[in-house]
Amino acid sequence: MSLTPEQKAEIEAARAQRAETRRVTVPGIEEMLYEPLPVLDHGFVRVIDYMGDDSAVVQAARVSYGRGTKKVSEDKGLINYLMRHRHTTPFEMCEIKYHVKLPIFIARQWIRHRTANVNEYSARYSILDKEFYIPAAENMAAQSVNNRQGRGQVLSGPEAQQVMDLLREDAEKTYRSYEWMLNEGENGEPADPNRQGLARELARMNLTLNTYTQWYWKVDLHNLLGFLSLRADSHAQFEIRAYADAMLKTVEAWVPYCYAAFKDYRQGAMTLSAGMMGVVKKLVDGQPVDQASSGLSKREWIELMAALGRDA
Amino acid sequence: MSLTPEQKAEIEAARAQRAETRRVTVPGIEEMLYEPLPVLDHGFVRVIDYMGDDSAVVQAARVSYGRGTKKVSEDKGLINYLMRHRHTTPFEMCEIKYHVKLPIFIARQWIRHRTANVNEYSARYSILDKEFYIPAAENMAAQSVNNRQGRGQVLSGPEAQQVMDLLREDAEKTYRSYEWMLNEGENGEPADPNRQGLARELARMNLTLNTYTQWYWKVDLHNLLGFLSLRADSHAQFEIRAYADAMLKTVEAWVPYCYAAFKDYRQGAMTLSAGMMGVVKKLVDGQPVDQASSGLSKREWIELMAALGRDA
Amino acid sequence: MSLTPEQKAEIEAARAQRAETRRVTVPGIEEMLYEPLPVLDHGFVRVIDYMGDDSAVVQAARVSYGRGTKKVSEDKGLINYLMRHRHTTPFEMCEIKYHVKLPIFIARQWIRHRTANVNEYSARYSILDKEFYIPAAENMAAQSVNNRQGRGQVLSGPEAQQVMDLLREDAEKTYRSYEWMLNEGENGEPADPNRQGLARELARMNLTLNTYTQWYWKVDLHNLLGFLSLRADSHAQFEIRAYADAMLKTVEAWVPYCYAAFKDYRQGAMTLSAGMMGVVKKLVDGQPVDQASSGLSKREWIELMAALGRDA
Amino acid sequence: MSLTPEQKAEIEAARAQRAETRRVTVPGIEEMLYEPLPVLDHGFVRVIDYMGDDSAVVQAARVSYGRGTKKVSEDKGLINYLMRHRHTTPFEMCEIKYHVKLPIFIARQWIRHRTANVNEYSARYSILDKEFYIPAAENMAAQSVNNRQGRGQVLSGPEAQQVMDLLREDAEKTYRSYEWMLNEGENGEPADPNRQGLARELARMNLTLNTYTQWYWKVDLHNLLGFLSLRADSHAQFEIRAYADAMLKTVEAWVPYCYAAFKDYRQGAMTLSAGMMGVVKKLVDGQPVDQASSGLSKREWIELMAALGRDA
């Protein structure tokens, strides 16, 4: 992560401000406010603002006149109940806003989550910085052999280095062309006075997909947890998981009861199909069952056995 | 508006709390926090929480590292520009949460605005209070003669009183039946030990549509302004307009620049069709034009002349 | 369900029309088109239009130039895979439109599903019919003793009849007042020439919540299945479940592979929390475990044992 | 636009199919079904399916039992009325599905319209084709001097050719690296047996933003018109406007009355602020008014005078 001195100063100034409020506040997330959490080689996630806390969930569920909280154990129990039974609307009553810097190919995955508010840095209007994502050697992986949509072993030998060099070389080459096409010099003057320069909205098309972009992203807690349950998952691409993991830390600091309920009832949970439940019942009753007799497909059988910690 | 002493105490306790925060705060809306603004005979709107201020709009539009604000005149100019050109996403970066008490038939109009978060008091789970909306005499209006979807003159003579009596009588009668069917007495005991009592989820169906319900409603500023442009409009039903008018006051206190831009570019604005623009051009050029030669329908002609302050 | 002769004729005329199309068609749902499926005492669900079929799901998942289908077994396998792994977007590529007649208190539950398109019959503009939902004796249930949000035993003795009478009496009384307040006679003349009559948008507030309304409701298959997984569930209120059950039949006729996948991986599935999975593993391994040692709450333990068909 | 013989054959096969249906059909759009409309150098838009027609809008607005249509003039009048008064829900009752091939940088603008269903070709799962967008010489424009977010004059002299060469060269270079990194040969064998090859989800990051992607995109008519009013506008980037223009032709063929209403009341319409309306009234009344006395900003004054066809 590389911030200019001006950016650092702006962040420090924002962190230094204090005001009195009647709203609910959460010391844990206040402490994190505005501070960038580094992600990948140049990216970050930072919390810009938040609304509500654990008590705001129970307050809305109870449609209260005041804080709506009762004993801590009751509040925690209610949050667990709501999470377990997928009563989703009370979790929509908390809101959080992030500033995120991320490679464009990850931004394209991320934006598929539609129930959020987004303001992206505009490359029609401004010039993108010269920053590209280059995976570290330990994340330079080969195509998975049994999952067409994933990665497998880490590249061995000189290949990782060759790939790294190629990625950097191509990104730098296309960025140089981008700058040449823009032809923008100091003070709004053209760099080369004999050329007009290409419009920004066109020149940007020459950048590679690992170029960093940034956006403000605002979302309610329910939809954030939906995002995290998919993107902090082992099937998610490593690069977006890195962001999701950083955001999970902010959720833990912000709404610890909701976070605990999420870990137990969503992230650590497993949905068993009707067929799988039938197999589990037999196993619990000590009846013999194998894939052939189970009615499950081979893939489902493997998944189930893995979840039960048994050989497939 | 009638609050129980317990509700008043809860609100006072919430208003009394103070905490320090690094977030942006707005003194004008802090002052209003938790306080119910009375609407209709028993309803209210009260602000429960808010996120962001005018500067949050420009901060997101500029994807800033710090506050993102420049000179006041530039910020105001940018907000005007964004509103005029329907750049909607920066306005989504502010969020507000209300607690609203309102008659069910108004709740049914309100809920048609889908891009908001809602938690309604559950009549499956709890018992609704004995509170009904009875229009004041000056709001007791006859069907409009030229608008099938509106109201016209106020009822004259004894009819208003007859209607008022009938509304109250029917609401009280059906509420008595509701209570009888529920058969719930003190301490969870049945009122009449010889009957079982009907389930709440069924008994509620006997209530009239002017019974009050309540909900928590959370929305971003862009969608709130969309709601207000429709519901604070002269074509909206008086009863929902009363809520929208109260909410406009909260918007003015919260985000004064956005509010001013909304008044100029949305609420006070008029959209002229291609055909209407043609007529306006002729009029400005001093050319004669009447409805017959205008290409506009009679209704459009009337609307346009009204907007220009001319006889149709 | 009671249709006027005019309504029956309109439906018959719609069913009689035939046209040639290049679009995918599904004979099973064509057969059902426009035909009302009766629900409750006066309600119905009828399919008005549909877009896509099972093959449209695989076509979108494969982003195909043609139909996108391969062997039936591969298509079925892909649909199962997509459903199991919650790849939701391909299911959004099918769309269905219903015309539904339903009691207002059920419409209020239904509308909470926001990702659908709705056009409701307007009681600001038109007069509602004199039709109320009165539960049949076997659905007249007492409040549940262990679930604050549900119903328990059926009312016994004369109480059911008393409730039924009361519901009918109150609905008729309030409807008579509604008609009196409207004061609308034949041919647009007032019924009583000495009174003005109350505006429709006001008079409607006197109706009870079991009055029938109707709407057009259009939704994509993914969101429809989300609706059905909640509303065709045993925890849903009986009255909305009756609609969901009727709609499930239309889904089965329309997209049989998706329907089968939904039954196995959604409706018949169970989500086990991290804690529950730990208990299941122990049970499968033959280790002793009881509620006290399980880490589960009492309620969770009961739910898990029920799912496994064991005594709690 | 370049289709493989297999793709052409698949499209022909889809176009050749015919079935009988009870649904409403529109000959004009049936004729277009599946056929790609070329856009830019390699892109296209093609209609895959549709639901409803002009009559479906009036049917929903009237919540009809049958077709819901009356006299043609009444239907057309109702559609105009609904469009003019922004009654949006009836237009949501029509749905259309497109298959679109488009450059990634345009896809990134497009996806900001959230109320649509999307299935994009996955570069995690598959390999992207070697196709890039290279603007034609007449679309190779310089940055606008008075609009930071737009383009101005066409590049003159050799600069256009130089830019074109650079774009092609860089795209080809990065694509060659992409292929090298993938290391995929025939029959799933590695191209170079001594290397592992990089995972697809990683290799794609080296592609430039003018690489073509494709997706299925499904949307209701209301949201489609919202998309088109922004993207077929003169302020939209030329490249997305090219798609919007092609789609407008499909809307005209599909729902001609809605299309006409859209042209008059949306696309050709102008929204005048409260301040602008004040100026127009003065002009119509023959009163003198200039920018200084108007209360409008310079920019607003220029916009208004342009709309009225007068010198600023």
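Labels A, B, C and D are assigned to the chains in the order they are written; within every chain, residues are numbered from 1.
Following the convention adopted for this analysis, contacts are C-beta pairs under 8 Å (C-beta built on N, C-alpha and C of every residue); 3 or more make two chains touch, one makes a residue touch a chain.
The structure presented is a predicted model; accordingly, all values stated were derived computationally and were not measured.
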{"item": "Chains touching both subunit A and subunit B", "value": "C, D"}
{"item": "Duplicate of the A-D contact set - from B-C, A-B or A-C, the pair where over half of the pairs recur", "value": "B-C"}
{"item": "Euclidean distance of C-alpha centroids - subunit C vs subunit D, Å", "value": "35"}
{"item": "Distance between chain centroids, defined by C-alpha means - subunit B, subunit C (Å)", "value": "29"}
{"item": "Subunit C, residues touching no fewer than two other chains", "value": "89, 112, 118"}
{"item": "Subunit C partner contacts - residues on subunit A that touch it in the complex", "value": "77, 80-81, 84-86, 89, 112, 230, 235, 263-265, 267-277, 280-281, 283-284, 286, 297, 299-300, 307-310"}
{"item": "Complex contact set, residues of subunit C against subunit D", "value": "3, 6-7, 9-11, 13-15, 17-25, 30, 33-34, 48-52, 56, 59-61, 63-67, 89-90, 92-93, 95, 97, 99, 117-121, 214-216, 218, 220"}
{"item": "Contacting residues of subunit D [partner subunit A, same complex]", "value": "103-105, 107-108, 111-112, 114-115, 118, 122, 124-125, 133, 135, 140-144, 148-153, 155-156, 159, 163, 166-167, 170-171, 173-174, 177, 180-182, 195-202, 204-210, 237"}
